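Take a look at the structures listed below.
In what comes next, chain A is part of two complexes: it sits with chain B in the first one and with chain C in the second one.
And then the complex of A and B:
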């Protein structure tokens, strides 16, 4: 009996060992297929569509032409006339993201620093709150700010009722606000304005900034801060000479990540930016889903936005490497 | 130059008292070791001296100046941290020159000074290295040079050797002591290593439960412990129980002569501390102060042997030097052990658990 059971058992025992490499290979192939299907294919499709041909009054067909890229850089009527309207939209995409991302990081940094100094329990409560705030969609956040900044019931109304608007008129600050696009001839007005657009965009990515900075700041060795203090460095000198340089890489990384994220923001710009200052994201949506139904042109704009984001990331990498070498 | 004086210093963390009623004077140019087990309050005391913690009560005086409320960056006492706390984003030379840069010294001048200090700690060629490229010992030297750059009136070191291996630790203890003697700078070292404290310090402050148990030169602390905790914490000690009758020490049925005349009430229970190297196992010994003993274990430890004895007063270890005319010992041998009067340190029985 015993020898029989051994004979039967031996092949069973060796089976998993012989299967393991095959299963490993299958898993690797499946992983690559998934990466190609879900990551690479959409990009390749967008590039392919951007080279397609738009049929006037109808949809589009596959093709291989660069007219949509030409339109982006020189306008639809090129070579008869030049228009840089889409370059301008790209500029506004960069402009808003370049302002909003650093604002979010600069304001999130001190908050996160002090958060890491709290007790573990307090940190956990704050992090849960921040993580749950990420579940709010852009639409919901923009709706909230829309109410807060609306002329009748929002901040302009509060300032008017408190008499601050009249005080600004009396002291000349109202004219300054008008020059900055924050007032109509009669009242303060935040919709539409650069201020409202950037504020909402910064607010949108602020929790991401905190969560991205948190690991680096919580790992910061407090004894280096104390060492600096014993060597005569006051609080600001400690921040400038020890804390900021120590976490410079996470700071740059967070800013870049938020910058790329903000390039694609749609709702905030649609609601708060002047139509003449709309971004490429709004234009892409207009091309793909709007009145023109020009998917190839929308795809071409997407490719250019993607390449621009990539160029900024590469440029930042080069600058950081250069700065590190000079240290 | 000025002495550093601590007057009635206390520190509470919530309901826990970390440091209690500390009155100390750190003399100018001396090296003082704060010695004690983990959690005894020595690091908290050092941090209060540095200005990194605020005392709950008490006063810190540097000469005639009250520095109790002065923040760390105004006090500018050089400090070496347990993990050295070097700035990883700076090269060695910039770490050392940090305090000078904060003072606003020009780059060339501060680098020149930093190189002098690196030369002092024998790292003259390491200025352009990154911190990650240094060994533990080199990092410690950089930390020392950095703390000395601002020419502090008081130099503080928090367990500076704990991150080093045993051999390097011994070397650095000697080097640090020689450096301190050269610079004649008031130095306070926190350590839980009594050997380190004995090697380096002019004065040792033994701490337990937030209090200073004994203050004195290393030899005094070792040979004349103030209480059972100090006797137990510093070096090795045999403890035997006894009683005091009419001013005499009685261990078991025997009366022992002592050098001190303990002022105990008749019949008081006492604990007697005996250093292992003090009892004698020689063939010739005085008739008094003897205990009969049986050898239970012999442990060779290089130049000495530890003889483990079972005596009527309890187990005892005697350190016996190996040399000419040394006796041979075997487990099971019966012999007499002589306890010289000077070897018997008598403490109240209740004081022995102070360190717990």
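And then the complex of A and C:
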């Protein structure tokens, strides 16, 4: 939003001519102050806290030291010993987001494409349904999947009742599942697992993917598709050479947005991921709100997560513009 | 820190009806016209079922006995509350005169300094009923007086496995592979259990080598853990859904779940179960120390301790005889032997213990 748009909003006609520029200036100053207060200050505060000093056994005080960044990269015991557990957590933040965001976009794309071919009325009903599903919080979605994957009333029960669990036990596949950590000595289990974590995360952002792709796909010019078909292109060739190139920018944009959104997911990971595969978001919460009251270390981790997300956005921007130039 | 993440939903439903009735009965007392000089006290307690029970079963009797009106304040849990109290202290406000602190948080508050006011217990004779362990003293004086205690106990699904008599049974992968629910927090007392079961008890925490040895022992449990829970409700659901068949959980809630027909047995194995307790602490900014002492005195009374055990499910801080509890009621809230967690070690060496613990969990 630019400051000019605020100028336009002022009731010029009724004001004396000399007052308008002053009001414009005031509005611009107010706008800038608001930007600083609400956008920059929280960031600066987080950076300032990340330099604070942790008092062992108590809380923390303001300070100026880089120990928390050092701990992030080398562990608390550095230089006596090295530990990369926080880098590992950062990797898992990226890992889940890198898997779940494309899955959501790839599955939402055909759905949205066919959605835009429906009647106006059907489209409206679907969109309202999807928009209202956004009001479900992550907690509710995780609770739902928790029940759907639970031993007594979820997927393991279904597999048990269908006799698949017994069949797996008889054929030796059950032992394979146990080796993969997907079974106890008695039953199959899907919590905690990579499967459950990625499933929930994709599910969580799926409505966003549809809503973000919808405008681009609904504006798609049908005559280009028809032209290609008339010239003998099969449906797959049309998809590959006409539709996908037309919507590649919204596709990339949607994937990136979901990727950044998924970097901060907390509940799905705490509930469905093994602690050996926990993300930075979980560790940040544990530092700030956990019993150690180590807000500086939590803030340092947040700053690094923020920089990483920024780097990915810049990198993708460079890649996109490079690809555009080559065309 | 047993009560930090308690979101007791089922119990609130169970006791909800009783609570409403209690409130209705007490409203007449709360509504009594008071003397010209109205005395009030703001008391914080963990929100939800816990706070509701205090409002229904404990505060009305106190108001009746002393004429002091209580304003109940919701605390999220004791660690978060400490952050609130810190901010309030620098702003000069008093969110609550008295609040509940878990022992670890209380020690932390004492080390931060300036948050809690020392208590002069000369006017609170009932506190003599309590075991001295429940009176926390630092260099400034007595900072906390025990309010109630609870146990984290060994639980199993008796329909699936035989009830063990030792914590060591959980290391048996033949039985418990991918089957246990344990707390993911480094200070959830699993280390105290390991110290009591396999090492030299609390003194094992004295050296970093001791800590590493205990955490290595905990690492051996990893193939058997299906759920590393962070919120109490996760473990409750996992036991109900039979996603796990054993682990660590709160003794009193386990008893209530069993009474509801769920397959759960709460056991006191031969090594014992870790005890946790909450203390009443007075805010340093509070001007209500006289009223606060009267409440502490009331809370330490054997009859009040018994009322808490009967209505809230906490273990009394006075003896069973003094509280006059039947064997059945006492067994539902307490037991023996008792493992006393090494709170000081968790604080003195918190960064090392937390990170060693996290490293253990992070290894694939």
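Just so it is clear, the second predicted complex is superposed on the first by the 292 of 327 C-alpha atoms of A that agree within 3 Å, B and C clash if a C-alpha of one lies under 4 Å from a C-alpha of the other, contacts with A are read in each partner's own complex, and residues count from 1 in each chain.
Rule of thumb we're sticking to: a contact is a pair of C-beta atoms (placed from the backbone, for glycine too) under 8 Å apart; a residue touches a chain by one contact, two chains touch by 3 or more.
Source: prediction; values computed, not measured.
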item: Combined model on chain A where chain B meets chain C, clash or fit; value: fit
item: Which superposed partner A:241 touches (first chain B, second chain C, both, neither); value: first
item: Partner chain(s) touched by A:21 [first = chain B, second = chain C, both, neither]; value: neither
item: Partner chain in contact with A:233 - chain B first, chain C second, else both or neither; value: first
item: Which superposed partner A:172 touches (first chain B, second chain C, both, neither); value: neither
item: Residue contacts on chain A - larger count, chain B or chain C; value: C
item: Partner chain(s) touched by A:183 [first = chain B, second = chain C, both, neither]; value: second
item: Partner chain(s) touched by A:79 [first = chain B, second = chain C, both, neither]; value: neither
item: Least Cα gap, in Å, left between chain B and chain C after the two complexes are fitted on chain A; value: 46
item: Chain C-contacting residues of chain A that also contact chain B; value: none
item: Chain B to chain A touching residues, read off their complex; value: 50-52, 71-79, 81-83, 85-91, 98-99, 101-103, 146-147, 149-150, 156
item: Chain A to chain C touching residues, read off their complex; value: 54-59, 75-77, 83, 85, 88-89, 146-147, 150-154, 178, 181, 183-186, 189, 191-192, 270-271, 274-278, 283, 289-294
item: Interfacial residue positions of chain A with respect to chain B in the complex; value: 221, 223-224, 226-234, 237, 241-242, 245-246, 248, 327
item: Touching residues (chain side chain C, partner chain A) in the complex; value: 1, 4, 79-80, 82-83, 86, 104-105, 107-108, 111-112, 160, 174-175, 177-179, 184-185, 187, 226-228, 230, 234, 237-238, 240-243, 245, 347-352, 354-355, 358-359, 361-364
